[in-house]
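Below you'll find the structures, each written out as structure tokens.
Shared between the two complexes below is chain A, which pairs with chain B and chain C, respectively.
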Partner chain A sequence: MIVEYESKDTPVHSLDPRAKIVWLLAVVLISVIWSDPVYLAGLAATVVVFGAVAGFPWGKLKGLAAFLIVVTAVITLAQGVTYTPAVAHLSAPGRVLFHLIPSWVPGVGPALPVRLGGFLYGIGMTFKVFTVLVAVAVLGYVASPSEIVQLIARVPRMPYQVGFIVSTAWKFVPVIQLQIRSLMDAHKSRGVELERGSFTERLRKTSRVVSPLFANALFMADTLALAMESRAFGSSRRFTFLRPYRFKPLDYVVTLVCLGAAAASIVGLAVRRLGAL
Partner chain B sequence: MGLGQGALGLGVSYLLAAGYLVLMWVIGRHLSARYPDEHRVRWDTRTIARVTILAAVSGAGAMIKIPGPATTIALDAAAGYFAAVFFGWPVGATVAAIGCFLANALGGFASWLPMVPVYVAGMALTVTLTAFLAKKAGVVPAVIAGTITNTLTCLGPWVVMIGLPLMIAILPSQIIGSAANAVIGLAVAGVLRTAQHRRRPETLA
Partner chain C sequence: MHRSLEAGLPSQASAVDEEVFHLADDAISLRNVRFRHKGSGRWALDGVSMDVAKGECIAVLGPTGSGKSTLCGVMNGTVPLFLEGDLQGDVTVDGMVPARTGTAKMAAHVGLVFGDPDMQLFGMTVEEDVAFGPANLGLDYHTIMERVRKSLIDMRLAGFERRPPYRLSGGEKQATAIAGVYAMLPDVMVLDEPTSMLDPQGKARVFSIIRRLKEDLGATVILVEQEVDDVLQLADRVFVMNAGKFIMQGTPREVFGRVAEVTAAGVRVPHVVEFGTLLGATRVPFTLDEAVQFVESGAWRTSDGTARTARACSGGLGCRAAGYEGSPVSRAASRQHEPGDVIIEVKGLEHRYPQGALALRGVDLTVTQGDFVAIIGQNGAGKTTLTRHLNGLLKPTAGDVRVGGKSIRDMTAAQLSRTVGYVFQNPDEQLFCNSVEEELRFGPGNVGIAGEKLDRKVEEILKDIGLARYREVWPKYLTKGERQRLALASVVAMDPAVLIVDEPTTGLDWLESLQIMDYLRSLHDDHGKTVLIITHDMNIVSLYARRVVVMAGGRVAGDGSPREVFSNPQLMAMANLKPPAIAELSTRLCGRVALTPEEAVDMLVQADAAGEGLR
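Up next, the complex of A and B:
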């Protein structure tokens, strides 16, 4: 996750993990069905408020935001040049705002016109991407990884093995990362320069790090299988969870508001084109 | 011109993802019927443990970076290719799917959360097709097919949604990244298989 989980005493942290996931899914759903930048800006504002209530450390998003601003600026301009949606309430979606290559460029200008409909659509896309990204970061901050993987395991009809695989794999990632670092250090201590040489040489050097990593992984898998069998993994299809989840009044409120907002946005779009560009 | 990043574009992308899964199932069924020793898997504790650890390798593989000609390449898909060739397509497809989800989750779903199911289905199809071609035609055609499939399954839905021009800019880094993962995954599978069958010095003479 971009921002690590922190255990805090805020109303958002104290929510049931299922209520937090419903909030995220509602944000994702609404961001997908709306395309009007004004509506999407409103949705982004609600995510910011949710994060602010949770005491989200906004400064940690700086690096990612700087990168994404460049990417989304490119997307917005490219959409402006290439895409003009059939717009319902804009009088002239094909109106040219400006040219990417202005008229004063001799020989080629003016060229690549940025049109109003496409430009607004691009801004909407930027909001979609940012809103979901921030919502995921806020979720990562307020819900611990074990809560999230437990939720995956509790999905109805999901085989419990899948929940086990995801939760255990998640916990093994830092162990594997440590192994990768050790293997790279071992190679570097023997004078191997992993960043030097042509691309093919770098690929060959990397495969020498990856081979022992995979061999170690298979060894670890055998040990894990032994540990699982010694605890009778799979002997019974019925299982219980260590921490049972229980909804509190605030969880009901958050869940109902999120589901209501998602339903209202779908109905509003279908009936009155609310949220559509 | 694309369908947009809204309900229509995403809906078509999910239909494509469903198509990937159907195609994977068809290819996989053929592999399991034709090569039952290698591609019919019993989901016992050992297999689940292997899938778990290889999915973790896939998730952690995002931190193995190779500076490439167009961009830095992360080895987050190599474990899926390796598992498909070494343990059979069901294991490979599961490792690729869960590994892809984990790698995306650890990166904060920076490549847009609603598209993750499409990437997951695309990776599962890619490694299954690669295992199929590795068996039928050899490693080089498998790497080429894996690279093309991975590129098409990842970028195809984006072309549907936002059109071709933006995707052309991403194409070189995507192709190089896919190829590097396929080459390393299949190479390591080959090395470990050889090591498995080689007689140890103490058993010689």
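Up next, the complex of A and C:
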């Protein structure tokens, strides 16, 4: 889920890129090890707060929200029907909440029982998906690709040009998306029914876009290289980064809290089974 | 050289290894320079020599393929280091030899700006982008930020620092690209068709920046352009190129005093200049005021009081000399067609994009068979959104569009392509086959045209668009003008009744523009096609359209003949458009709108003969 970076004056935007990466890694790690929906809901809430402080444009996640509703329903019901955790801090994880096919369906119902343990596990899984997707989107919104360049370039013995290749590839994702749409429109305008036919047929028709897309991308890469060299790219071994690479007090706070929370959740899970269903 | 930026900043000389040959007064010196691309037998530059003094503004004009971009590349070393080939002769820029110094190191001395702004912006914000060049030079943080700050002020971009470049208008993007080059303090700024992809507002912005670079900041500027109207008032000297050679050079007045030669070289002559020439002006006018003064002086009358004009105008000056067979008279003939039945009917059309923007706000429009319509308006006025409904690429949010009496709501774009052909602005997004001939066969094959009928059609079209000898060639190898014609022909091959062409002349030189527009005219006149073009070029509108639809703010703001639309200053101002210079001039002189210089001369002569006097 890519939400384009926006330059803003929020505390989250002004964090050091390393602190932002530590935050994302901590969120992903914790969401992986926890399975209790209550704990995961709390984690999701912290991600939402983090995004809110950054002024994240939630409207851009409309598409994601629609996707999540479907995923939530499918995961929750599928887990409820198929899975009952063997070990759970629940009095009766196998208790049937309801049946997917109710008793009033003649001949079949009741069938496919949804059990408490599996149902809660499914909700936990949904929170995991939500948390990670939103955290990645928030990071994309608050971390400039040039910060990523800087991070890569700071790796010992890494030429700064490598970071630029990564950042340029990132920046041109929307351009390529736009080109795909234009090429598909051009195909439709020349009589190709892209929306009709079997899946294989549609795939075959759509694959025609690949060759011109590739040719255009090569041409674009050539032009980009020329334009970058015309702006002195590679003329000096030194590149001056615009953002001072220095931890401020807030960076220390965020980094320590994130590392602390990740460590605490590992220890808490191992010792007291905190966060486990 | 840049007075504003230089003050108080450390020299960058230490940051770059320089190969200094001599401290010349000339910023650029070329001596008998020849270049041919690797594997090519043709010289792209063929014995070119020029000296450019520091602070001079040089305009290089000429048709596509004449060697202008190669000339630019020679100045910063991309030719022959990037575009490989055989380079001969002496090239010295700012005391260095670019081919030996290398493009990246020359960048501190020669700033090169390209036509497509999207391909030269690298930052996620305007500030980052402008800092990219200085940062590559390894300058310290504070020097970079000071240069960025001053560059943005000088390029009128103050306040844009945090804006993402992709959200800027075309003119703002190009201004950012120029600022990025300018922040590196090059002694020479080379601008290779910097306005070719821009709308009129964007062009005006870029030209005002170039004027500032020249007049206020003292930069040496090499400007390659097709927009001659602005060049005339900017350049100290003009070089006209053709087939890799400088075929004319001198001050703008010296060069454009030889109108027939300029046109023969494939360069468009501004209508005001052509008007003055038709009236026999010895000192051709460059501006409306100069043209009015000339007319008021009476110097265009002979001793017996009649007009001096020799009526060379009836064929269009220079077009025939250039080997171009069309003429303004034949172009005007396309306006004589009588309208037929309604083929497109748009009622209360609204369109809201998924992101929420309301692009069309209740459009009503009727197009009849045989119409030749130009849809004009500023970027964002709703032109493309409207036309994309006509072939089903977009569906109405409210209202309806009927093509041939049927609503498009239940039809796919592929079904509509049989009736409405759509040609996109960028031919590279429309051409996807492996050869020119395959490209022409692709569309018809999808709509069931095959066999001998298709063979005949392909042969006919190949001949019409002048690409028969390239039938086996990969379309990417064609020139922009040829690709544009092929994109149009690939749609024409499907034989739709309606042709919609989005910006048919953007990025083309004048002769290429005339070629593609004449092809459209022949499709209209000889094959009865209904033609709709979206364009920013008012000269094209005045020459070809029989009807003009003006769009503003997602609505149809005006609809009428070119003469009606251009004579409505309130409408033009409201749509933020400017009529062609000749329409303004004839209105000032005779109180009526002329669409061509010839017509303006006729009006003037008739008014004079009738003793009506000037307005």
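Operating definition for what follows: the second predicted complex is superposed on the first by the 179 of 277 C-alpha atoms of A that agree within 3 Å, B and C clash if a C-alpha of one lies under 4 Å from a C-alpha of the other, contacts with A are read in each partner's own complex, and residues count from 1 in each chain.
The rule is simple: a residue touches a chain if its C-beta (ideal position, glycine included) is under 8 Å from a C-beta of that chain, and two chains touch if they have at least 3 such contacts.
Quick caveat: nothing in here was measured; it's all calculated off a predicted structure.
Participant: Determine, under the contact definition given at the top, whether A:Gly234 touches first (chain B), second (chain C), both, or neither.
Facilitator: both
Participant: So in the superposed three-chain picture, is A:Ser211 touching just chain B, just chain C, both, or none of them (first/second/both/neither)?
Facilitator: both
Participant: For A:Leu242 in the superposed arrangement: first (chain B), second (chain C), both or neither?
Facilitator: Second partner only.
Participant: Go through the superposed model and pick first if A:Ala137 touches only chain B, second if only chain C, both, or neither.
Facilitator: In the superposed model, A:Ala137 contacts chain B only, not chain C.
Participant: In the superposed arrangement, which partner chain does A:Glu195 touch: chain B (first), chain C (second), both, or neither?
Facilitator: A:Glu195 contacts both chain B and chain C.
Participant: Give one of first, second, both or neither to describe whether A:Leu203 is in contact with chain B, with chain C, with both, or with none.
Facilitator: first
Participant: Kindly classify A:Ser91 by the partners it touches after superposition: chain B alone (first), chain C alone (second), both, or neither?
Facilitator: Once the two structures are laid over each other on A, A:Ser91 reaches no partner at all.
Participant: With the two structures laid over each other on chain A, which partner does A:Val129 touch: chain B (first), chain C (second), both, or neither?
Facilitator: A:Val129 sits against chain B, while chain C stays out of touch.
Participant: Just chain B (first), just chain C (second), both, or neither: which does A:Ser182 touch?
Facilitator: After superposition on chain A, A:Ser182 lies in contact with chain C alone.
Participant: If you lay the two complexes on top of each other, which residues of chain A touch chain B in one and chain C in the other?
Facilitator: 164, 168, 174-175, 195, 209, 211, 215, 220, 224-225, 228-229, 233-234
Participant: What residues on chain B touch chain A, complex-wise?
Facilitator: 1-2, 4-7, 10, 43-46, 48-57, 59-60, 63-64, 66-69, 75, 78-79, 82, 94, 98-99, 101-102, 105-110, 112-114, 162-163, 165-166, 176, 180, 183-184, 187-188, 191-192, 195
Participant: What residues on chain A touch chain C, complex-wise?
Facilitator: For this pair, the touching residues of chain A are 4-8, 144-146, 164, 168, 171, 174-175, 179, 182-183, 185-196, 208-209, 211-212, 215-216, 219-220, 223-242, 244.
Participant: Considering only the defined contacts, which chain C positions touch chain A in the complex?
Facilitator: 15-16, 76, 78, 82, 102-105, 107-108, 111-112, 114, 116, 118-120, 122-125, 127-128, 131-141, 144-145, 162-164, 166, 180-181, 184, 391-393, 412-414, 417-418, 421-422, 424, 426, 428-432, 442-443, 445-447, 476, 490-491, 494
Participant: Okay, in this complex, where on chain A does chain B touch?
Facilitator: 1-3, 28, 32-35, 64, 68, 74-75, 78-79, 81-85, 121, 125, 128-129, 132-133, 136-137, 140, 161-162, 164-166, 168-170, 172-177, 180, 195, 199, 202-203, 206-207, 209-211, 213-215, 217-218, 220-222, 224-225, 228-229, 233-234
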